[in-house]
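You will see chain A twice below: alongside chain B first, and alongside chain C after that.
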Partner chain A sequence: MLKSLTSQLRTIWTILQHSFTKAETVQYPEQMPYLAPRYRGRIVLTNDPDGQERCVACNLCAVACPVDCIALQQGVKEDGRWYPEFFRINFSRCIMCGMCEEACPTNAIQLTPDFEMCEYDRSNMVYEKEHLQIAGTGKYHDYNFYRVSGLAIAGKDKGQAQHEAPPIDVKSLLP
Partner chain B sequence: MPTITIDGVAYEVEAGRNLLESCLSLGLDLPYFCWHPAMGSIGACRQCAVVQYQNAEDNRGRIVMGCMTPVTDGAIFSLSGDKARHFREAIVESLMLNHPHDCPVCAEGGECHLQDMTVMVGHRDRHYRGRKNTHRNQYLGPLINHEMNRCITCYRCTRYYRDYAGGTDLAAMAAHDHIYFGRHQEGVLQSEFAGNLVEVCPTGVFTDKSLVHDYTRKWDLQSAPSVCTACAVGCNTIPGERYGRLKRVHNRFNAEVNGYFLCDRGRFGAGFVNSDRALEFPGLREADGRYRALDHHDALHRMMDSCAAGKVAGIGSPRASVEANYLLRLLAGTDNFAPGFSDAEQDLVNLALRLQQQSAAVTPDIRTIESADAVLVLGEDVTNTAPRIALALRQSVRNKAYEMAAGLRLETWQDAAIRNLAQQQRSPLFIAAVADTPLDDVATRRLSLAPEGIAALGQAVAAGISGAASATPGSTSGEAVDIVAALARASRPLVIAGTGCGSAAVLQAAAEVANALCSSGRQAMLCLCVPEANSLGQAMLAGPKAPNLGALEERARAGEIDTLVVLENDLYRRGNSAGIDALLAECRNVIVLDGLDNATTSAATLVLPAANFAESEGTLVSLEGRAQRYYPLFQPREERRPSWVWLLACMKELERPDVHSLHHFDDITRACAADIPALAGITAAAPDLHYLNLGVKIPRQPSRYSGRTAMRANISVHEPKQREDEETPLAFTMEGLNRSQPGALLPWVWSPGWNSNQSLHKFQTHAGGPLKGGTAGVRLLHPGAAGGHRISDITAPATAAASAAPDLWQLVPRPRIFGSDELSALSPGLAELVVPGFIELSPADAGRLGVATGDGVDVGDGIATLEVRVNATMTTGCAGYSAGFAGSGNLAPLARVTLQRAANWQRRPQLIGSDRGNGSGSSHV
Partner chain C sequence: MSELDTIGFGLILIAAAVGGAAILTWFERRLLGVWQDRYGPNRLGPFGALQVMADMIKLLTKHDWVPPFADRAVFVFAPTAIVVAMLLGFAVVPFGPELYILDLNIGLLFFLGMTSLAVYSVLLAGLASNNKYALLGGLRSAAQMVSYEVFMGLSLMGVVMLTGSFSLRAIVEAQRDLWYCIPQFLGLFTFLIAGIAESHRLPFDLPEAEHELTAGFHTEYGGMKFAMFMLGEYLGLLLISCMITTLFFGGWLGPWLPPIVWFSIKVFALICFFILLRAAIPRPRYDQLMALGWKVMLPLTLLNLLLTGVIALLLEGA
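And now, the complex of A and B:
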């Protein structure tokens, strides 16, 4: 009896103490909360440091997506780069889990701290590539997939990527 | 059966296999690269290392290669021993030293054997800090992409290309770590089977070029079991679709038919599915000659009105399914149904069917062809008419090597040892043809003979085998004696002929040879090639008494046909254009069902868009009499419907009593089987639509199929219910079970940890063996059942007996693998390899006409003008023409025609090697 009374009084005291702590909630939207750069909100597609689109349409984001809300089709540009002919995210399905960002081998797809995507019409939640693509590099400033990859593109021949030796002359017998 | 111990567990394994095969068959995962079930072992990659112990006391053991180790009773191995595991990991690490960081932009990614094996051995961190070797790629033609940086030097490509497929222009070059797999210079790969490199290469060095430029990962492909429609062999395929486009065709294993390999016509020839010539709406010809698109109700009513109003005739098609043809036969009536062959071909196909039904010889499947120890090919250029058989013949000539190996007690999988032992010694292969064939390099002898000469040779051989040599004049010729001797020595002789050379006498002679061999007590085989995917089924359906196109033309002229229904058939490929023009003009209504726009649809009054093989279901009967089912992999666009749906709907509207009880596709199959005795077996070709695999349907989509909630979100964000498939046991979803179902229902191969096509062994009874669910298809021909009729009792159709005047040339068909088939020639990649129509002449004949290669020649009375090619191996007096090509539709086989130099002929500009690469700079860097 005494024990349970003590417990109840202690609980009331703890709750009363909260009256004097600072509130975690803010008066959104008058007051905007702080969101860290790695917050998982609206998805964007970024460019590499040279200003070319980073996405190579490898489909890893699409297969990693647990709600299957990413669809794209690969194409090959004149200069040899792979790129998405279309890239569509159905944000009305997206759960902002960030798996696509984790899967992306080129740092192209990134989640941003923007979460304010309210629409009266669900079809406006379907974002195509032109809605997703941004001009900058996003969170990762230096990475350029084609500097690492062995695929030759215009302006980067075989043997010119990082850690690559010049192409072998097949006709040479020298070691 | 020997018992071996692996990691302390005793297993019974099959004798005569190597340890790697045995492990895979037992379900144990042992990584490998260079071994291939169809090509045996050479122990090049060192990846399948295991520890072998001398005896139970031995606790050190030694590393051996699984693929080079025979299983012997009492042997003790360890797969998971540290020594072997570290060894395997080190091997993958060394293979990965120069491997580029390409997976995201590699067309092999997601179905890459190298990825799978790297994950399997647990290699993660690269320790080497040096620079990666790089290579320049080559342009290898419009079909195959080359990315040499990715090579792990397993040698599978050259072993396949040179040793298995007999190609000469792909080789391993240079030395040590400069090694390079490619051609001596850029250019189109010459082998007709080069496309298999895509599947043979364990990584992304060789990839499907059309797929690279319109790429979809394996896990995103919706696929269904299908059958190749490009020739009569009936290879099993797995086409893959995404976003309504056919992306690629892969091999579907069938132990008795195609095994692991397809030809390039089959692999790259399905691109016509995506053609912009595809018809999407029904069209009605207006009074002013223009077409007006209709909706399907309107179209159906117009079709119904035409069919109800007057006398109906139907022309079927040897490229359409048995079911669609059967419905058309019902609609038009048996007497008014032409099977849709050209007149000459109809007789030949009927004869080929008769001969196979009556012969005592076995009608071989491809696996049986590979077992033949002596082969006689009469008149047929199989590489160009039934390519997969040519690949099988290349294996059959190796039986000599296997015989020698058996003498030394070498195991059959000891590939390098057996090849070294046999060198150039081969089993006999004799080819009699009008000119050179691509199989000449492995032939004991190739004879250039005119069709009559080939038939005479066959008769002489038959007589020689029966021992009546002295009675038949000409049988004493050296060639015939050699062939008789070779066939007499063989225990499993094979005779191949076909409709490809256009001569009934040759078919008959081949059957005589096979029968003579059977009479002398040998297990002889007789393979008669027919031209198209369902030619034999069509002959079975229509029967020998069916009218041909000529007969219909006469009836049309007599006003006996009001409505002509043409099913998936471009008639201008089947007869001379004047006759077809007359036939189509004399009928008041010409209703054409077809998938692509062609000359016949242009002449029609009503066109109904028919779904192609990738959008519909059907049964095809291959040249060995195997009925096989293909299934739709995606829904047809717009108003396209399978032909059987159009025909069934029309007959239902007409309230025809014979289709009262037909509702589903399976009902038509059953009705056809009940109606046509020769086709009675087709219901067993595949399970019907009620088949459930442990309570669920079979999924068309792999379990990782992505993008389902976004694919059509641009059309509507509201997702419709997945379409239910009401006609087949397959589902348009990823739900279901792709395991242990019948072999005819295998939509894709994948197994946990095995993402590449190497996962196939998980679906086989043992590695390299038949599928667990049984071999797909059912054989309709039961050879020998007739008890060896005398073949000479079967009368060959009379051929035009024109006298061999000196100024007339005999036209002989020279089919080409790329171009002779109607639809595959429209596929973008193959279309680049299709040469213009041609006339081949011997140098003597060319000299007489005063023409050289590249000049034009007028054939007959202005029926065609074609480019001349001088071929030193061509039989003098014969003019080989490009059969099946545009521009040679008016030419009939064996016709005797005049030739003369064309007056106003523009020579084509000469294309030299360096012209080719220039346009596609990015593709070959």
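And now, the complex of A and C:
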């Protein structure tokens, strides 16, 4: 009984001492918290170093997304490049998990440290390709998918990619 | 005071009490913030004081809804009861030598009666809501009541014994030489605990207990009816602080400053102490509260009564 009473009095004293400690609160809109560059916020689609769209519309991000909030349609350009005819992310469902970024083979889809995307109208949370696409390369500056992949596009034939040997005509190797 | 003066003072008192209770909602949050290393509402107006207005506007414009399954008449009556009972309690508080509404010769009993009536509000709200959480809250409030009402009244008998009167003015006047918080420290301790339980403040807010019972007895209440309960709670806090000041800390007595200032300072300090208790102490289970009431507090008050009686008799004989 006495022990619990002293413990209560000690609690009161400890709390009273907190009158002189500083508040931990970050006064958010005036005082922005530091967000690490790898913070997972609003999603962007990036360009490769040559200024071409990176996304090849492989749908891997849409498959990886646990809440199924990515929708896109593949198209092929005249030079042989694949690209998304439309690319839609429903941010009212997105949980900013970053799975899409992990899955993307071309580093096209990336998460940025911006989380201030409030809207009064829910339908405004659906971002189309023109809202997602940015002009820069995002976090990866050198990677260009078409320069390392074997796919032939205009101006780069089979065997001309980095670390790629020219194709071998297997029939010519016959004894 | 003349009749008209008394009525005027009464109106001022009601306005001050209700306004004070409203300001307290903001003040308490700021103070809790200080003790919990955060800020509390600090955006609206100077130091966030206009938060009170914002809350009021919000509560006033809320849909005033009575659940279809509730007992309508009692449901509407319950929140009024607590406010009326608490406001009536203020009638007997002497704020200064001439500043009071009623100087009943049974003032103390009147106060005890009024605060006990306020419990009905909680009980009836719990019953009328027809909701399991509300009912549990009401039940707890009943259990709480039977454990603290007994020693609440008894804890004050020492004060009455020393003064020889139930009149609150006489009690204050009798403390000219020595405040009763020293000879009656046991009484003060027990009355403090009973007072917190009476006003349903943390750590004894068992009927509300938002962590276990959603919101306890006022689960079904919203808008202004909910605001009435809040108002009642803060009025209770004010009233209990006024009473402790009057009974144990010499009421308006004090050197240099005018009586009403002394009274306000003491009440303010007590309110801060109550808020500190809220910040520091966890809520007990209700069987623990009952055990505390019956096994510790009641014997303590009886002991206090016995000792006070013996000493008073000895002093009289000497």
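Just a few scattered comments:
Criterion: the second predicted complex is superposed on the first by the 141 of 175 C-alpha atoms of A that agree within 3 Å, B and C clash if a C-alpha of one lies under 4 Å from a C-alpha of the other, contacts with A are read in each partner's own complex, and residues count from 1 in each chain.
In the analysis below, a contact is a pair of C-beta atoms (placed from the backbone, for glycine too) under 8 Å apart; a residue touches a chain by one contact, two chains touch by 3 or more.
Note that the coordinates shown come from a computational prediction; the quantities given were computed from them, not determined experimentally.
Ranked by how many residues of chain A each touches, chain B and chain C are led by B.
In the superposed model, A:Cys100 makes contact with neither chain B nor chain C.
Residue contacts after overlaying the shared chain place A:Gln73 against chain B, while chain C stays out of touching range. Legend: residue contacts after superposition of the two complexes on their common chain; A:Leu132 is shown touching neither chain B nor chain C. In the overlay built on the shared chain, the residue A:Ser19 is in contact with chain C alone; chain B does not reach it.
Touch criterion met: A:Ile168 reaches chain B, while chain C stays clear of it. Look at A:Ile43: by the touch rule set out above, it reaches neither chain B nor chain C. Once the two complexes are overlaid on the shared chain, A:Thr11 sits against chain C while remaining clear of chain B.
In the superposition on chain A, the residues of chain A contacted by chain B and by chain C do not overlap at all.
Listing the residues of chain A that touch chain C in their complex gives 1, 8, 11-12, 14-16, 18-19, 21-25, 27. Looking at the complex, you find that chain C touches chain A at residues 33-39, 276-277, 279-281, 296. Within the complex, the chain A residues that touch chain B are 56-60, 62-63, 65, 67-80, 82, 88-90, 92-93, 105-106, 122-123, 125-126, 128, 145, 148-154, 157-159, 161, 163-173, 175.
Across the complex, chain A is touched by residues 100-105, 109-110, 130-137, 147, 149-150, 173-176, 178, 180, 212-217, 219-220, 242-243, 704-711, 713-714, 716-718, 922-923, 925 of chain B.
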